[in-house]
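Labels run A, B, C and D following the written order; every chain starts at residue 1.
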Amino acid sequence: MIDFSMDPADVALRDKVRSFVRERIIPYERDPRLTSHGPTDDLRRELNALAREAGLLAPHVSSHYGGLGLNHVQRAIVFEAAGYSTLGPIALHCAAPDEGNMHMLEVVASPQQREAYLRPLAQGDMRSCFAMTEPQPGAGADPGQLLTRADREGDHFVISGKKWLITGAEGAGFAIVMARAFDGQQELGPTMFLARLPDPGFQITRTIDSIDASFTGGHGEIALTGLRVHKDDVLGEVGQGLRYAQIRLAPARLTHCMRWLGAAVRAHDIATEYAMRRKAFGTTLLQHEGVGFMLADNEIELHMCRLAILDVAWRLDQGENGRHASSMAKVFVSEALFRVADRCMQVLGGMGVTADTQVERIFREIRAFRIYDGPSEVHRWAIANRIARTKAAP
Amino acid sequence: MIDFSMDPADVALRDKVRSFVRERIIPYERDPRLTSHGPTDDLRRELNALAREAGLLAPHVSSHYGGLGLNHVQRAIVFEAAGYSTLGPIALHCAAPDEGNMHMLEVVASPQQREAYLRPLAQGDMRSCFAMTEPQPGAGADPGQLLTRADREGDHFVISGKKWLITGAEGAGFAIVMARAFDGQQELGPTMFLARLPDPGFQITRTIDSIDASFTGGHGEIALTGLRVHKDDVLGEVGQGLRYAQIRLAPARLTHCMRWLGAAVRAHDIATEYAMRRKAFGTTLLQHEGVGFMLADNEIELHMCRLAILDVAWRLDQGENGRHASSMAKVFVSEALFRVADRCMQVLGGMGVTADTQVERIFREIRAFRIYDGPSEVHRWAIANRIARTKAAP
Amino acid sequence: MIDFSMDPADVALRDKVRSFVRERIIPYERDPRLTSHGPTDDLRRELNALAREAGLLAPHVSSHYGGLGLNHVQRAIVFEAAGYSTLGPIALHCAAPDEGNMHMLEVVASPQQREAYLRPLAQGDMRSCFAMTEPQPGAGADPGQLLTRADREGDHFVISGKKWLITGAEGAGFAIVMARAFDGQQELGPTMFLARLPDPGFQITRTIDSIDASFTGGHGEIALTGLRVHKDDVLGEVGQGLRYAQIRLAPARLTHCMRWLGAAVRAHDIATEYAMRRKAFGTTLLQHEGVGFMLADNEIELHMCRLAILDVAWRLDQGENGRHASSMAKVFVSEALFRVADRCMQVLGGMGVTADTQVERIFREIRAFRIYDGPSEVHRWAIANRIARTKAAP
Amino acid sequence: MIDFSMDPADVALRDKVRSFVRERIIPYERDPRLTSHGPTDDLRRELNALAREAGLLAPHVSSHYGGLGLNHVQRAIVFEAAGYSTLGPIALHCAAPDEGNMHMLEVVASPQQREAYLRPLAQGDMRSCFAMTEPQPGAGADPGQLLTRADREGDHFVISGKKWLITGAEGAGFAIVMARAFDGQQELGPTMFLARLPDPGFQITRTIDSIDASFTGGHGEIALTGLRVHKDDVLGEVGQGLRYAQIRLAPARLTHCMRWLGAAVRAHDIATEYAMRRKAFGTTLLQHEGVGFMLADNEIELHMCRLAILDVAWRLDQGENGRHASSMAKVFVSEALFRVADRCMQVLGGMGVTADTQVERIFREIRAFRIYDGPSEVHRWAIANRIARTKAAP
């Protein structure tokens, strides 16, 4: 029955993460290893070590693989706290794409694959990437346009094609590659493959310059040129790739919402603190309604985002697939958080356009968030289609 | 702990209300007794009789006074269902201002007052009004500008002043009048008085034409000219009027949200049904993304409004005063529902500007809702002030 | 070359219209003949007489037919001034649909038709209506769905079908009816017919209740049951109806913008005056930035609307068809003016929801304006299509 | 009288600039000398040489100092064309802050100062900066908070204080420094000083990392430690600094609008071209209304921005100070262009977040534009104050 209270144990864990982020992680936000292509792997490992020491590594993974076994509601609570620094999810190893990959592997992978890929991934011994998106005219928002193909050769599949915007490719220990499988002329359907990296068949042709900078390894452009994967490294079943993508995407979208909510709370705290201190025309900015109203809107929207996330997380915990619900939450949360970040930058005035506060970075990151894991338009289109399917005309 | 499930008994009650509204109440929406100043008292009584017969009258009132004793979360569920027709809350007798008055009387009134005023009100034998707002330069958004005064004369107070926008004044059996009490020169503070109506000291000088039309009795302009109230009819204590107003307002704002959410759901259903049926340029409106995206946004915002309401209702059930939370919810919900109603009208095109569907009425009602019980600007101001008070500058 | 100055003669005419509206017309705004279906014909004639006396009747019509022969830029200047009262355009006889009909007749009609229809119309001896829109599944936003048919019978056409939202039908002296002409089985294409009213073949089945109330005669629902029109009363050529509709629509859309700009200026003046006078929390509303910023946004948007209108009017004066430009202006102006009207209502608070000021009426009228003469969505669709047509992909 | 036509000579100049930018400047957009702190001085000089050769250098400066002597309307036409590449204004030497400084020097400086500072500046032999903004608690949006002081010592002023966000400081040949002048205890008022650089009293303590990257020299933080300026290098009169700032600011705000309009047109062209080419779900993005409507809104808003700019430019050419008009235009244009840039990024999807197109850069630049030369909130505040001053309450 309707209940908005949090389990005291979850509150305690949240508070522990908050303290950890503030005390141990925020000091790294000026670390030179935080490049325009994200934190270096060296920095990532250093942060993971801190989280491991604090007992906070990979909190979403089951204890069998070394995590805390949090359910989705608990992730909502903890990931928001982690997101208060853009380095927090890196430290806790619950950032994209690893977090979503771990989730999918735990659900879909065979026991052998879980030992081989999930366990070292969960322990931070390696990172991973998810190689699905292709440059035009390939698969972007529309997965039906998938062009990469995997041709069966005996016990192997040989994969060729192009991928781009593959987050974390640089430095990853393995990739999950989506390709259209073929057995000779016969198409077997979109399939996911586990490929150890580095591999000469998986060439990172460049790391793409982008508006965001918080993912370890940045966003890679990949040339797949005869990448060989053994059939034991097919993830789940041949031809089920799109279904697994959905298993990955619904919660992955939501964990993005959780982490960026934390970042937006940070931006709001910075803007509020500034507005209470900075004076103009005889009074503090906060006492100017023009500023105070912006901060009031932030309070409202941050609160609404939290409710939106908890609702979907709870549904996932009940076993719903959450596809529609997470689409709605992704649109609402990404757009609301962007408005929050935009207002924070505006409140800061000249300070806002500088990198002297984290607001400038958070603004850029959340702008990108409105696009990845499905731009708002793709979700609105899906929601409208669902209306058409589910409401019978009288 | 976080839980978004509804009690099956609440679901059953909701479904009963839904059926009742669809089958018994919606047919009255073309009744000629639904005037531009709201339903007539005759119509109201007829609808109350239907609800009484169905066991649905005054669901928010304790069973001791003949209601169903619903808590706030249950009200959220039931009032939304009632609001699916603008006549639903009238029928269930949970419309403003009576619903808020019943709530306040149950909390604040003396046992004698409850028998004398609450019982007949809860049973639909009479209606009530809440006479607080004054024409300028009196009390509007700022209750500190209260000008009506109540001068002690022995065991009575004699009240003089002007009120306006007093919903339901016409035909009310009693009024709750807010006035600044005086004992000679000494000010005793804002005080609430219970005044039986009609009374020659309480003249309704006109019923005001307005954009909305769903409140029984419309909005009255009142001249208070020596209205005498016995001290036993002071509500609660002398000088505590503003505090009681808050007790009334936080939940009253929220029940407005609940009811208008139901109305907006109705508008969305009408617009969706139309968009699935109406064709233009070779396909249904719904298949045009320009329309489908509007309906997708409606789905998202209606869902978010429901979450916002449930959250505050749950807080009220936990004993929180809900003042800040209901301010946030009022701003969010009133503005989101207006966007929903506006989109519905737009989707309907030419049909939307006509009274042939309920959308035109719902649009006007929800526009007014953005103003009454505190325009958004007053709430944003209060939220900003609270930020200033609660966040200590470092 | 770029010049934003106004001809002093135009300024003088504008000021004359301003004075006329303020002194002679605004006093009629409380006239009981202003019904929920618009001003009565009796009131309309009384106001026309005042304008005729002032030398201001039908300013857009050539002097040959008794008007002032204003070009489009001059109309922009004068119609805004007229629109300061919703009764102003009625008085000057430059309201829809008569104004657009006069324009089209002057361009398209034969000399005989101009004498027979345009002259008495321009002089205010009669009103007219434009019968194009049909109830679903007929022609709404998509004129291609036209269902009304006109079958040739010797020298006549016999017209049957349904129309609705036909503004000014009640009391009109003639109608311009759009129908699909047929000669036996052969379709001759959409055609406009001039039909004297009343006529038993043109039945007004009802006047539709709607959110707006400023058009004389309201919005009629029409049953066309064998309406006979002589071939001499075909407007222009058979089969050219859609082309003439465009000739009518591009400037007609723009004159709507002009008139409603005037109305929005009025609303802004009312809100500003109120905000300077009304106090809350220790200062005037205007000094609260939450209100002052809304009025600042009004100033900006009203100014931008004026520029948008003048630009298109100038293009029409240069002989451009203005179809694309007036689509853009219609979307921008109707949406901007609605935001202005909405803010004005919000600034007025409780006063805003009442009919005590003109703001409540103006808000409702401008909401309808966002839909008639093409909802924003139809224009955006047309603009997007034009982008596709005119920009060649590289 | 109202005229929206352009002088053919202006059109010819515009087209020449367009060709110049497309053919000569755009190829430099991938030049490695375009750093995160803007183009290097070396690149700037190379681009200036191209413009000089094309006869397009400093088009806003009078021919006496080597420019083209364009009035404000002509600047609107030419600067938009230049802004099509963020390097265009650098090349034409009409970028901020030099462009505004040249304008102010031409109006305010003495003949000797014009020869000494304006001439070499106009010829691109040096750059300049405008040192007004201070870190908190100094002068930001509120110039009244100016803390930097200039103490008279004989024929010199000795200036001490802190400045920041001083665009172009790194590498500038001189600075215009705003300081509060004192003669002993007596305050002489805010004053502008011309200071040759480099100078040990003017230390650039760092160049600030920021969201934008198109200004040569970036944004500097300055320590003024006993900077000595001779009284002949006081700009205009002592104590008139704030007045000169206004002379600089009204047109400078507008030229920002002009240049960024050009950049937004570029973004729109890129997004449109992409939307015509990229397919998803069976058709081009452009044919999806969800995308087509965004591009339609871009068309509308770009057009409105152009009108807004031309209107104020024309007013400045008429000798109006343009203070209020340019405030309104700055708010409208900066916010509209940001919406345009934001939509372009969204249309591009994953491509939008990368630096593979100029859209990502343009988005960041225009976000900053909403803040510099006065955040929207400061302008709204000024507009609201002007309403209060100019409209007499009845």
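Here is the rule we use: a contact is a pair of C-beta atoms (placed from the backbone, for glycine too) under 8 Å apart; a residue touches a chain by one contact, two chains touch by 3 or more.
Keep in mind the model is a prediction, meaning the values are calculated, not measured.
Among the remaining chains, C is positioned farthest from subunit A, on the basis of C-alpha centroids. Note on chain placement: the centre of subunit A and the centre of subunit D lie 37 Å apart, centres being C-alpha means.
Note: centroid distance subunit A to subunit B, computed from Cα atoms, is 42 Å. Our note on geometry: subunit B versus subunit D, Cα centroid distance of 52 Å, whole angstroms. Residue positions of subunit A with contacts to 2 or more other chains are 277, 288-290, 293, 377, 380-381. If touching chains are joined by edges, the resulting network of the protein chains shown connects every chain directly with every other. If you check the complex, the residues on subunit D that touch subunit A are 133, 136-137, 140-142, 144-145, 164-165, 208-212, 219, 277-281, 288, 290-291, 342, 345-346, 349-356, 360, 363-364, 367-368, 370-372, 375-377, 380-381.
For subunit C in complex with subunit A, the residues that touch the partner chain are 288-290, 293. Residues of subunit B touching subunit A in their complex: 1-7, 10, 73, 272-273, 276-277, 284, 286-287, 289, 292-293, 295-297, 299-300, 303-304, 307-308, 310-311, 313-315, 318, 328, 331-332, 377, 379-381, 383-385, 387-388, 391, 393-394.
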